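Which chain is which? They are A, B, C and D, in the order written, and residues in each are numbered from 1.
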Amino acid sequence: MTVEQEQGLETLEINVNMGPQHPATHGVFRMVLTVDGERVVDLVPHIGYLHRGAEKLSENLDYRQAIGLQDRTEYLAAFNAELCYVMAVEKLAGLEVPERAQYIRVILAELNRITSHYMFMGAFATDIGVFGTAFTYGFREREYIQDLFEEVSGDRMMYAYFRPGGVAWDAPDNFKERVRWVCRQTRVGISDIDGLLTTNEVFVARTRGIGAISSQKAIDYGLSGPVLRACGLKVDLRREEPYSIYDRFDFDIPTGERGDSFDRYWVRLEEMRQSVRIVEQAVEQMPDSGPILPEKLPRRLRCPPGEVYMRAENPRGEYGIYLVSKGGDKPYRLKVRSPSYCNLMALKEMTVGHYVADAVVVLGSIDIVLGEVDR
Amino acid sequence: MIGGNVWLDAFVRLLAVLGLAILVVLILTYVERKFVGRIQMRLGPMRTGPYGILQSIADTVKLVVKEDLRPASADRWVYELAPIAAFVPAFAVLVALPFTDSWGVRVLNLGLFYVVAVSALSVLGYIMAGWASDNKYALLGAMRSAAQLISYEIPVVLALLALAMVAGSLDLVKIVEAQGRVPFIVWQPLGFFIFLAGMLAETSRRPFDVPSAESEIVGGPWIEYSGIRWSILFAFTEYTTMFGLSVFGALIFLGGWNWPLGLDLGWWWQLLLIFVKATLLIMTTLWMSATFPRLRIDQLMGFCWKILLPMAFLQIFFNGLILVYKWPDWTLLLTSGAALVFTAFLIYDATRVRAPVRAPAGGVTS
Amino acid sequence: MSPEEQQEAPIVPPPPGSVADLFAAVLPDVKFQAAQGALDVILTVDREDLRRVLRAAKDDPRLDFKYLRCLSGVDHMEAGVEVVYHLYSYTHKHNVTIKARLPQDDPRLPSATSIWRGADWHEREAAEMFGIFFEGHPNLVPLLLPEDMTDHHPLRKDSPLAEIEEWQAERAGLAAGEAGEAEE
Amino acid sequence: MIGVMKAMVTTMRTMLRKPVTIQYPTVHREIPERNKGFPLLLWDFEADEPYCTGCHACERACPVECMTVIMKDNPKFAEEKSKRRKIVDEFWIDYGRCMRCGICVEVCNFEAIAMNNSWTAQEQSRFDRGELVLDLDQLLAQSKAGKIHPWVAP
């Protein structure tokens, strides 16, 4: 820069508009990069291209109908989103969930965490430039788990299976064997991705030190989930405020130490292993039969007036449902605190100063789901 | 010589090579898709013809029929000529390659020099395309490709120079004959490594596909191109260059048509041998490109200037020492191999993985 | 749901020793209305005190709410617009919900972006959805909605939802009717 | 370069495994019986009429309002051929709008509606959105032909 100025040459910063139609923006995210050569000097994120007004729509739907909207908000980890939502309704309506339903819910939610992280592995590696290999690895394994979801809930992505008070119907008879098989398969898939990426020098060179954020700043920005744990904070809502039956399982909380893209990747990879552990324990403990819905469940669920902020640890971070009821069978106000929306706020902080190519890596490492960012 | 006419002879030979290039591109696109498909546990193309063997023909038809778009703000002539400017050097490489001991379009006694010099000219086409497209992504891609292609030319030239010292000639036929017993890959593993990196960079394949960087600058210089122009600029140039450089690499590093069968066999054996070796090289590049992520532009340049270039100089120095003092051949392997191991260490050191340590329990810092 | 059917939740006082007592100890001159929610303690404060409360919540070591979980707006129609802050402390592992109610015709509030940077987008969202004006916010332009959509606040209860199609049909019918009249 | 080698070994290992592709239009994956395709109406072969009485329960429960039901008096009830006092007259489902949540099946008191768990539900591409609005005959056709084995929640 200084050399050119001494010689009287002008340099020009150009604006590069990435998205809403760009292979690396994971949907319809748009960021305007101001670049000086290859270096990013400013970044303005634009969101809202996928805003469907799920919060407003939920105000007009009863508690059961709104479950479908939760699926479509967080479509890569729909079971986790549903779980958070139905727990919020249960807290407000004071419903007790039967044992078997709790286990089914936890197993499915944890498996959904694995599928979501598989999706991250694939998309993140593709952002860095792997020619679809990691992507197909991730998808291959994800398919096995989705097959299981389909056998249980009837759908591969938009399950609408959890209900306030339990689950819609019982799991099939061979559920336990299928889950065990899926767990074995998942370990193979994890080791494939591990071998392809974790020690690969090119991958490490691209992710080490990229998009690092300190733990103080991460808390200040309200980051959560693997992005926060990558900064070295051992924070997991499943441990901090155990919801559902997470206090019965033994699992580790992997943390990074630098808060960079590699640590985020690594934390997610470890988290998948921990999720497999949780699922395996849950299958062992799960009762073979039993009710799946509370006995006294009204046909049309009504909540007493009150409010609750229910939070759950989703693959992307803290998923919060702020539910206000004023009586009746519909929520008065439903606010979704979506983790990637909050994590995306720190994108500028993480990206500025890096190269254009790194902007894509940082965005990928946050692992956003646009359905959840825009809601 | 056909009919005693030099021009007619040259024309026929050029046609043969052009036909060969087209054939190779068609086969290569199919092979790449199949091969990468298998790596990803897919089947690859399966619909067009048995096992999808007609896929590349179907693609060609589609690309030719597709509308040839040009942005309204593009610089018309530069934009339209860029594909040609990129393709001609790629094709010109093939002209100087001896496919057997007696057949080539024109076997030059400066063949090595010519191939290296000409193959670098493709960059002109990319810069023209990037500039004329009037697109920021294309411009970024053009600048990247200029930086990358020209930089990688230098260590490759030096590595080949070291090789030419051992062979004692710049004539490709003589280089092949010089590898009578043992191909040069054994004596010059470092040189081969540098050549392979340079070849990946020259053909813009992963991990050096920075100019086209699908997920960052969406195709780089050829972002605005479509139809036949895109296929000339991108597919044709890239695959022709890849084929040309693979044959070149097979000639100078893998013993060409000579090793291990010797010169006495007929030309068809020689042709087969060189194609098998070139295919091996191509497969290796495809394999690598299906495995690796992409390097960043500064890492790419750092790799070239900080690792490959000093190593190439080191190689020349050692070779000179050995040749002047007439040390035995195995010292070539020793020095080059040691340098390769050192290179590997440098790469490892630059990206050293330290497994993230767990924060102490309850180690919450807020 | 029509406004007559709506019931307000009864105010249950929080158990002794909860976060509400800590707040009272830290800020003795601020009037808190404390209630126990389904999970957290809910503190309602006046708009004038809000900034002090939030600042103290973050900076006071006894409270140490470093993490702003969520910031939402709730439209209570005649009763005003409510802004809700959900806070969490990583060191003390306690939660609190802080609320401030604003009159519907003058929904102004000091911004919390200088306290938690994470409040940025939440405030922009609340601003565009409820028409709340956050004083001191660096860049209070619509985030999810189109940039020019500043006159209409979709999450307000007076904005149509169930009737949106009727409303659209009505407008279309009006437009068609006008066109028809013009033709006649 | 050890990591690079490890990655290349990984890709080579997966290359030697069997591909997982299912060649879709020629080979159809087996669909689990619980699959939620699109809702279909069922045909009562005993009474030779639809199970559906047109009670509007599904219409009211549908979150996206994709259903329209019209009820009529059952002529067969007067002839005492059927136990249904009322019967469905017209029924439309807009498949373009349906979000396949399965709530209509859950609320139905007569088990008259079911999620289509066969491949016909998956292959619903049309050139015109209007064709995605199915009327009563189309909704009943598959059940009438006996080509659906609906799954009933236990």
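Note that a contact is a pair of C-beta atoms (placed from the backbone, for glycine too) under 8 Å apart; a residue touches a chain by one contact, two chains touch by 3 or more.
What you see is a predicted model; the values in this text were computed from it and never measured.
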Discussion item. Quick check for the class: compute each chain's Cα centroid; which one is farthest from the centroid of subunit D?
Written reply: B
Worksheet item: In terms of C-beta pairs in contact, which of A-B and A-D ranks higher?
Response: A-B
Fill in: Intercentroid distance (Cα basis), subunit B paired with subunit A, Å
41
Worksheet, complete the sentence: In whole angstrom, the CA-centroid distance of subunit A from subunit D equals 30
Discussion item. I'd like the Å distance between the centres of subunit A and subunit C, where a centre is the mean of that chain's Cα atoms.
Written reply: 25
Practice prompt. Would you mind pulling out the distance in Å between where the CA atoms of subunit B average out and where those of subunit D do?
Written response: 54
Response to the item:
Two or more other chains are touched by the subunit C residues 66-67, 90
Worksheet, complete the sentence: subunit B touches at least 2 other chains through residues 39-42, 290-292, 347-348, 353, 364, 366
Worksheet, complete the sentence: Among subunit A residues, those touching two or more other chains are 133, 137, 140, 196-204, 219, 233, 235
Discussion item. Could you list, by residue number, the parts of subunit D that touch subunit B in their complex?
Written reply: 1-4, 7-8, 10-12, 14-15, 17-21, 23
Discussion item. With touch defined as at the start, can you tell me which subunit C residues reach subunit A in the complex?
Written reply: 1, 5-10, 37-40, 42, 66-70, 72, 74-75, 84, 86, 90, 93, 97, 116-122, 142-146, 154-155, 159, 161-162
Discussion item. So in the complex, the part of subunit D that touches subunit A is made up of which residues?
Written reply: 1-4, 6-7, 9-11, 14, 20, 31-32, 34-36, 61, 63, 99-103, 106, 115, 117, 151, 153-154
Worksheet entry | Residue ranges of subunit A touching subunit B (in the complex, touch as defined) | 14-16, 22-24, 38, 125-133, 135-137, 140, 196-206, 208, 215-216, 219, 232-235, 252, 254-258, 263, 266-267, 355-358, 360
Response to the item:
Listed in rising order, the residues of subunit A that touch subunit D in the complex are 61, 64-69, 72, 133, 137, 140, 143, 147, 150-155, 158, 160, 168-170, 172, 192, 195-204
